[in-house]
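Shared between the two complexes below is chain A, which pairs with chain B and chain C, respectively.
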Partner chain A sequence: MVDSVARRLLKELKDYQNEPNPDLTELSPISDENILIWNAVLRGETDTPYEGGHWSLRIEVPKTYPIHPPKIKFLTKICHPNISFKTGEICLDILKTAWSPAWTLQSACMAIRLLLSNPEPTSPLNCDAANLLRCGDFMGYESLVKMYTQLHAMNQQDNEESS
Partner chain B sequence: MATQIFPLLILADVDGLSYKGFITVKGQELHFEIQLESSKSLTNAKLHGSPELKRLLFGHEKALKQRLEQCSSLTEFFVDLKDLLESIMTKEKRERIPDESYYSKLLTELDGIGWDKLESLDPLLKFLTLTLNDSSGRKHKISISLPFSYPQKPLTVQADLPSFTSNIPNPTTSFNEVISFYLKEFEKFQEIWSMLDDIDANTWVLEPDKPRRGDISRRIALGNHCSLYVKLDELNPKRICDYTLFGAENFIAPLKVNLSKNFNNWNLSFTVRQNLEKILEINFPSPKTSSASDFNVACGICYSYRLDDVIPDQTCSNTKCGQPYHQVCLYEWLRAIPSTTQIFNRLRGDCPYYNYTYNKRQLILKKWINMTIKKFIRE
Partner chain C sequence: MGGGDDNSREEIHDGSMTNQEENTNAQQNLEPSPNLPEKTAIAEEDSSKEAKQIPEEKPNENAEGNNVEQEQSVIADNAQAVGASATETISVGNSSTGPVEAHKPEDTANRDAAHEDQVKFQQNLEYEISIKKEEAERTPLVCLSEDIQKLYQEYEQGSDVYRNKIMKLAERHNKIRRCRGDGNCFYRAFGFAWFERLLLSNNSTILRAALDSLVATKTLLNSSGYQPLVYDDIYDVVEEQMKAIERGERDDSMLLAIFQTDEISNHIVWYLRVITAAYLKKYRQEYEPFLEFETEMDQYCSKYVEVMDQEADHIHVIALTKALNVPVEIAYMSGSDAMEQVNFHEFYPDNEATGGNLTLKPLVLLYRPGHYDILYRKE
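Let's look at the complex of A and B:
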């Protein structure tokens, strides 16, 4: 089984390398020895408070992949209602119950990027951000997100320190 | 000290790091040298020896290395080495060498048929392959293994033929007889091979991967993840004796109708491929008009085409999807999701791709597709 996991992951890596994705500036295993742990870097979407930021993600692939979803978390601090500020844990259905082998590591990262601009304040991991949205203070929410983006995700050095 | 048990070994330098001399095994004296890296351990010691010693120890490097690591002193190692050599020699004794007539007969036979026909010969001269050309210029390989008491006992011959014959009916020791027998055999299959060559040249064959001359069945790609399996009739090469259509029901249903409607119009003046195209009322995608990647559609789960030599044979029943899967992969997936239901020996569940399509605003686009596969029971 592990062998077929490696084959699929290598194929995914090749597909990403053949067609680089400008919104996902990096996607590769962290070392040659272990193909089950990957690192990815997401670029914030333009016209959102995340614009200009770069976030590192750590991806842990289970041996039963793609039957079971990969574990993805943010290494760079991010302010978002569905992402834990402390641990970087992500609350997204496709990474849990709605997972299907049709998703790839790349498309899962893109779904996370999409989550940034489409928050679900009803199932929050970051209550402060979610509360701002729930009481309709979009200005406050945006400026809070902008601040954290500038603080943690703008500068490459900061990025590395926090990871 | 080592020299007391092995009087033919002497110390070769002042530090006591190298020994030279002979080791006596079963009355045979073998020249040998050992050079240590340090006086403390035997690990990484270098061994040199006569060609005979090298030959005996060939293939036993692992055992030697292990012994070097385990032995605490040189004396212990020499005793172990002697034991190892003794056991290798006893094993070797059992493998007798055929007598002189074996080799002289083999050489005369090869001279007789011409050395250009010889494709390969193993180092022990016990097994060889010949290449023969039939009347249409097709190349064929014949494997011959020589019995120990050749030429008293006949040859064992194998060739790649549609009807599997492992032995020539009349046992023979003559290479020439073997060749003339098979050249005659090859003529019997000229027609079936030209039919198969026509299929191979003008369609995408999914299975077998690399057809051999003995394979008389083909799985032909039809596009849309569908394929047609045909087996040619050995006795009547212009006809097929077995066929199966694979793929999503919506695609293959009209083909099935065409098959039953037109099957009586099978015309023996055409090739099997031409007949199939006429009867199915389609043109097979050919290497001239399409590329292999259009048909080698990988399994949607493991992303590979061949998994333990099995190709994806399950497809999603929705025509818009038609995604192929390996039975093993699909079984693993359907077993893992709670929405799968089992009715007798069938599993019914959602295609992994049914809710996949996502775009900028909408993460999940729901398409309700059910697919069924026969329950696959492992072992």
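Let's look at the complex of A and C:
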């Protein structure tokens, strides 16, 4: 029943549009034809090595949403212990076993944003980033993250915001 | 299966040179004289260079500031800068350099082995879960009712403690209806038994009272901080089913068909879950003391109550029966031979709230460790 999914998604879209979220600068279906595929843009948190970066996320909504979770991955390259550098896959419990319909696409994106500043190096998808954290090299970790943020997430026009 | 391994290997090729060497350095900073194989000389030289630039008290912050400056100049240089404190033998970010393992300090290798073990453990766990799920999916979400003798036959080869208890149970109960053991069985059994009881009651007062308590749950959900956005579609599904019973459009086989349909059945289950969560949150002072490890109620609910397939605990039963004003009796049947009989626990809502629901007979559920089914009492 795609109908009930569409109804829910339209409500979520309206909810986002009524109350714009500065940390999630975009959240919408990529086309009018297919409401099951969304694009979102996350803004990196200030005072973290992600500051100043903007990352695109691709969201695939299953037909059984919201009983089952959406599939979310990073399109923009990001360096983080729990995100695959290569595929953008995210390791976050609420996107898998801990999902519940009480989450929305917006709150799920915000949970991903929270993950950025709260990495979980014991279950890494990016071993290099995780290893730096696990051996306590925060300086090396932060500079690595900053480098990739500058390399991949700051090539848009919004550089001026951060500095 | 190999996915994880491949990934990590590829990751290593991506930006690894810098990291590996960063590791070496960090360990150096932490432990003054580690037993690093090979390159110790070069690395030490580097850390001494760093030490000269950095006042002793806050090495990290300053070092970072140092790095930031470099980053702002040119990114390519930056990449060098990150790797600069390492050996010169490796070109930074070049994925075509030789096997990474060769440059690994020993304990990094150990850590990676430990990590691999963990990945394997995780994979095994996921495999186990998927097998259990497959096994469970052979049972319909809710089954046809069976004679209680079927339950007895299940234990014919097994413990006579169970057989004796079932004999006792059979004195007052004649049928059992199984539910799928997918972690939702309490909610599904409760939902089906409740709707069936309403259907069979054929009593408009009872039905009205049930509808009223269902409508009231929306207020409960709002007061516990749930956005209507997340529950109202799901609520509509539940209400529609109850109204169809009121309109006389349902019979028992239709009810069974509805509860065997994934979508509707799961919507009902989840709505019962969110009611339970909302009730526990509203009366958190009362129930928080029962949670292990001083968990906070909101966190507990979002982890164990709202999430599908998470089994229900004692307090969930209390919360749901009170929130919906539905009396439930649960027969606890364990393999313990301390008790000859099956123990019945009564979950009756508060007296003052009972009002119009007095005539609703309690739902009867059978609990065996880890699982709920529905029982039918002899008339």
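Assume the second predicted complex is superposed on the first by the 156 of 163 C-alpha atoms of A that agree within 3 Å, B and C clash if a C-alpha of one lies under 4 Å from a C-alpha of the other, contacts with A are read in each partner's own complex, and residues count from 1 in each chain.
Here, contacts are C-beta pairs under 8 Å (C-beta built on N, C-alpha and C of every residue); 3 or more make two chains touch, one makes a residue touch a chain.
A quick note: this is a predicted structure, and the numbers were derived from the prediction, not measured.
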item	value
Side-by-side fit of chain B and chain C on chain A, or clash	clash
Touching partner for A:Thr48 - first (chain B), second (chain C), both, neither	neither
Which of chain B and chain C A:Leu114 touches, first, second, both or neither	first
Touching partner for A:Arg134 - first (chain B), second (chain C), both, neither	second
Touched partner set for A:Glu12, first chain B, second chain C, both or neither	both
Which partner, chain B or chain C, touches more chain A residues	C
Contacts of A:Leu144 with chain B and chain C, given as first, second, both or neither	second
First (chain B), second (chain C), both or neither touched by A:Ser28	neither
Contacts of A:Asn39 with chain B and chain C, given as first, second, both or neither	neither
Partner chain in contact with A:Ser4 - chain B first, chain C second, else both or neither	both
Stretch in clash, chain B with chain C, out of 169-177, 223-231 or 259-267	223-231
Overlap of chain C and chain B interfaces on chain A (superposed complexes)	4, 7-8, 11-12, 64, 66-67, 98, 100-103
In the complex with chain A, residue positions of chain B that touch it	300-304, 307, 329, 332-333, 336, 352-353, 355-356, 358, 360-361, 363-364
Chain C residues within the chain A interface of the complex	7-8, 10-12, 14-16, 18-20, 22-23, 25-27, 29-30, 60, 63-64, 67-68, 71, 75, 78-79, 81-82, 108, 111-112, 115, 118, 122, 226-227, 229-231, 233-234, 237, 262-263, 266-267, 270, 273-274, 277, 302-303, 306-309
Of chain A, residues touching chain C in the complex	1, 4, 7-8, 11-12, 15, 64, 66-67, 79, 84-87, 97-104, 122-129, 131-132, 134-140, 142-144, 146-148, 150-151
Interface residues, chain A side, partner chain B - complex	4, 7-8, 11-12, 64, 66-68, 93-94, 98, 100-103, 107, 111, 114, 118
